[in-house]
Amino acid sequence: MNTTPASAVAIYPGSFDPITNGHLDLIERGARLFDRLIVAILRHDAKQSLFSVAERMEMLSEVVGAFPNVSVDCFDGLLVDYAARQNATAILRGIRAISDYEYELQMALMNRRLQPRIETIFLMAGEAYSFISSRLVKELFSLGGNISGLVPPPVEIRLRQKSEI
Amino acid sequence: MNTTPASAVAIYPGSFDPITNGHLDLIERGARLFDRLIVAILRHDAKQSLFSVAERMEMLSEVVGAFPNVSVDCFDGLLVDYAARQNATAILRGIRAISDYEYELQMALMNRRLQPRIETIFLMAGEAYSFISSRLVKELFSLGGNISGLVPPPVEIRLRQKSEI
Amino acid sequence: MNTTPASAVAIYPGSFDPITNGHLDLIERGARLFDRLIVAILRHDAKQSLFSVAERMEMLSEVVGAFPNVSVDCFDGLLVDYAARQNATAILRGIRAISDYEYELQMALMNRRLQPRIETIFLMAGEAYSFISSRLVKELFSLGGNISGLVPPPVEIRLRQKSEI
Amino acid sequence: MNTTPASAVAIYPGSFDPITNGHLDLIERGARLFDRLIVAILRHDAKQSLFSVAERMEMLSEVVGAFPNVSVDCFDGLLVDYAARQNATAILRGIRAISDYEYELQMALMNRRLQPRIETIFLMAGEAYSFISSRLVKELFSLGGNISGLVPPPVEIRLRQKSEI
Amino acid sequence: MNTTPASAVAIYPGSFDPITNGHLDLIERGARLFDRLIVAILRHDAKQSLFSVAERMEMLSEVVGAFPNVSVDCFDGLLVDYAARQNATAILRGIRAISDYEYELQMALMNRRLQPRIETIFLMAGEAYSFISSRLVKELFSLGGNISGLVPPPVEIRLRQKSEI
Amino acid sequence: MNTTPASAVAIYPGSFDPITNGHLDLIERGARLFDRLIVAILRHDAKQSLFSVAERMEMLSEVVGAFPNVSVDCFDGLLVDYAARQNATAILRGIRAISDYEYELQMALMNRRLQPRIETIFLMAGEAYSFISSRLVKELFSLGGNISGLVPPPVEIRLRQKSEI
């Protein structure tokens, strides 16, 4: 009735503007669950970004270099169409809070309607990361707060460079 | 840094008193994500059950027979200890509602603390199953309501047999 | 395609053990929305009750006497079957909190599946009543707290009589 | 104490930019509950709209033509003032999720303070429509996704025409 | 192990654009809990404000004049840095709804990480104020609605003056 | 208009069956906010307890010994009456989750109605304690799980002693 794919591929989509330690924790956990994990930046996001797609891909690549089965990519159009082109069976998402949960539920139901064979699977954010978001990191940094421990070192360096300009 | 297991095993734990079509939908989706899926009945549950563990295993076995990579089992003690003994890398859980979400979050964080290498992964219940629960099925049946479409046929037969006694 | 019933009947079901001022507020508002409102006690409730069904019907009848289009009844079996026998087009429910909301949503979806022509309609509890429940009133009374303003006077009298026995 | 109005009128307010099958389901259900249902577009909405008020009224009129007791209108100013001018006794709202619920609760309490005689009544979105919103439909369409089954046919045609310009 | 500060100071931060009766209720309650309460306007808010910081400080000062241990201030940069400069031990926040709760939880965890000695304490909004927000007041006023009872009289006067210009 | 009490007293009520590290974290934080903090066991709780009130008082006393301004007590009847007898101005409560939040809101509104001068103040559980509850600790222990780090050492010793009997 069903056949497990020879090699299980999952997509971890997002803006990653910039990647946080919460994202990194999810990537590490996702890399243990799947044969291959693709971290995929949504190229045409409605939200104004701080870092360009190229900068974000560069930072992600530095950070996920330690994981042999994780790659970085970006995509246009519908997530499920991109996932299908990558032969992915799963979309990986993290949940931190109820408000996340509701939006994610809506997207998961919609995506399942569009591509019934691709599952959205959810991991709960680790308790140490439950309050971290890209938005909060940028806000905190802009107000002079200490962001060590919230983002990987390459991101901290880039944020400093950006603010010096 | 990490190595994907040669064969990915997941546990789908629960009371299954009785199995509903909501559970069955999750089993079908889980069977596509993992090499092997073990549906595992928690033997010593605090809640009083309608069906014995033996009856529940029998019903589950009939229902999941169509899935070659799904097996049925029962366990005592801690779920994470059982999962570790089965070399599972994942625990599969469905979420229907916010109240589910909170309890599941609490359990997932606790289980991760006990066994950091075993991930709890969540699938959202399909919209057609969002209102079905074993408790509601039993309540509906006891009040003379029609449960067709809510449980697999073998469960409907057993519920009728039980009420005739 | 649809025809509005000559006379719109709604059912307001519950345990009413005992009726609170929150229930009364909902009855008053429901009475303005429908031609006829039936306050219906679920006879075989799983929860142990403080007042018998007869006592609860008596209290309800005293309290709703002022509303000419409100009557009091009790029923066995499925709510939607009872509602259909009364030619009701609507089931009236109050919502006080998120936890209410989720249970109510589950029941509304189930009831709609059983009887698609009967709508469950929801009114938000007035802010002055958002913290009142039958359970809380009984708990407060048993600890010697002042329940004036939380229940109609006939209920206060009965609670006193019950505690004197 | 209270008198049921000779003819019960309800307002179903919204942006309807554009109308979805979720809205249509609610209109159909509302039309069975009230003698007359007015679908009313809020004219001066803070959100930027895709369709003009005239286009939205046109689409709504085509879609609700099958319901003899449903009419389409638009309004300025406060919803409760508009409802009072229409002699409405109820405002009809759909709830899909917790986040809806909270905003709706806030608006219902405020509107009740402004016009105590007009009730806001809520229907839960059908499970098949729980993930549909005007915003999601527009996003999906702009990314090339298939929106059949999410909006009535006249809306699909207009969306195509708009994107061809 | 711990020493209670000789004089307990709390900060009540916000936009107060404008102050509502919900804020005022919280100030009155906070003033009873602490030796000194500082109502502090966040100067560089991302949101566009209706009233200037100077106007907001003026309105707040008029309104809190009756409380001898309440003062009004404004600040730049991180809230916890400002709180530390004021020797505050607590940040006071009101919660009206679940969505508030989640955002507040995120901020409280972040602030505790930045300044572990400063506690964020929460009071639940009184039921009479659970639906009032600065945003809703401004919206209601702009649509010609009656805002008496929602804001202190000096705010009502200023809103009128602003709209006459 | 208001006068801050010479010495601010707060009550931290609960079952503490047994005290967890989550409770202890809250006690430590509460002890910094108030001149005096009374940890108060509700004597007549509806829930069946594992430890007697005497055992719970003993464990609490051992654990809070390090805090000079914290004392342990137990009470009957209404919490607000007990708080008034102790001249307390505040009731301290921790919130871990949405479901906590709703129950706590209901109790806070009720208690404020009973004793308007006593405030219920809330602290968010630290992220490291968000999944710990007395119930979960007992369940985990009974299944042979490791509870180190979840409860203070004296509690772990007593749980072991209890299970050896």
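As written, the chains take the letters A, B, C, D, E and F, and residue 1 is the first residue of each chain.
The rule is simple: a contact is a pair of C-beta atoms (placed from the backbone, for glycine too) under 8 Å apart; a residue touches a chain by one contact, two chains touch by 3 or more.
Remember, it's a predicted structure, so these values are computed and weren't measured experimentally.
Taken together, subunit B and subunit C share the touching chains D, F. Shared contact partners of subunit A and subunit F, listed by label, are B, E. Rotation angle, subunit A onto subunit B, C-alpha superposition: 180 degrees, expressed as a multiple of 5.
To find the repeat of B-C among D-E, A-B or A-F, check which pair has over half of the same contact pairs by residue number; it is D-E. Ranked by separation of Cα centres from subunit F, the top chain is D. In whole angstrom, the spacing between the mean C-alpha positions of subunit E and subunit F is 29.
Spacing of subunit A relative to subunit D, judged by their CA centroids, is 35 angstrom. Rounded to a whole number, the gap between the C-alpha centres of subunit A and subunit C is 47 angstrom.
Multi-chain contact residues, meaning those touching two or more other chains, occur in subunit F at positions 98-99, 105, 109, 127, 130-131.
Interfaces, counted as pairs of touching chains, are A-B, A-D, A-E, A-F, B-C, B-D, B-F, C-D, C-E, C-F, D-E, E-F.
The touching residues of subunit F, counted against subunit E in their complex, run 1-2, 4, 8, 28-29, 31-35, 66-69, 89-90, 95, 98, 101, 104-105, 108-109, 112, 117, 119-124, 126-127.
The residues of subunit E lying in touch with subunit D in their complex are 97-99, 130-131, 133, 136, 140, 143-146. Within the complex formed with subunit D, the residues of subunit B that make contact are 98, 127-128, 130-131. Residues 77-78, 81, 98-99, 102, 105-107, 109-110, 113-114 of subunit F are the ones touching subunit C in the complex.
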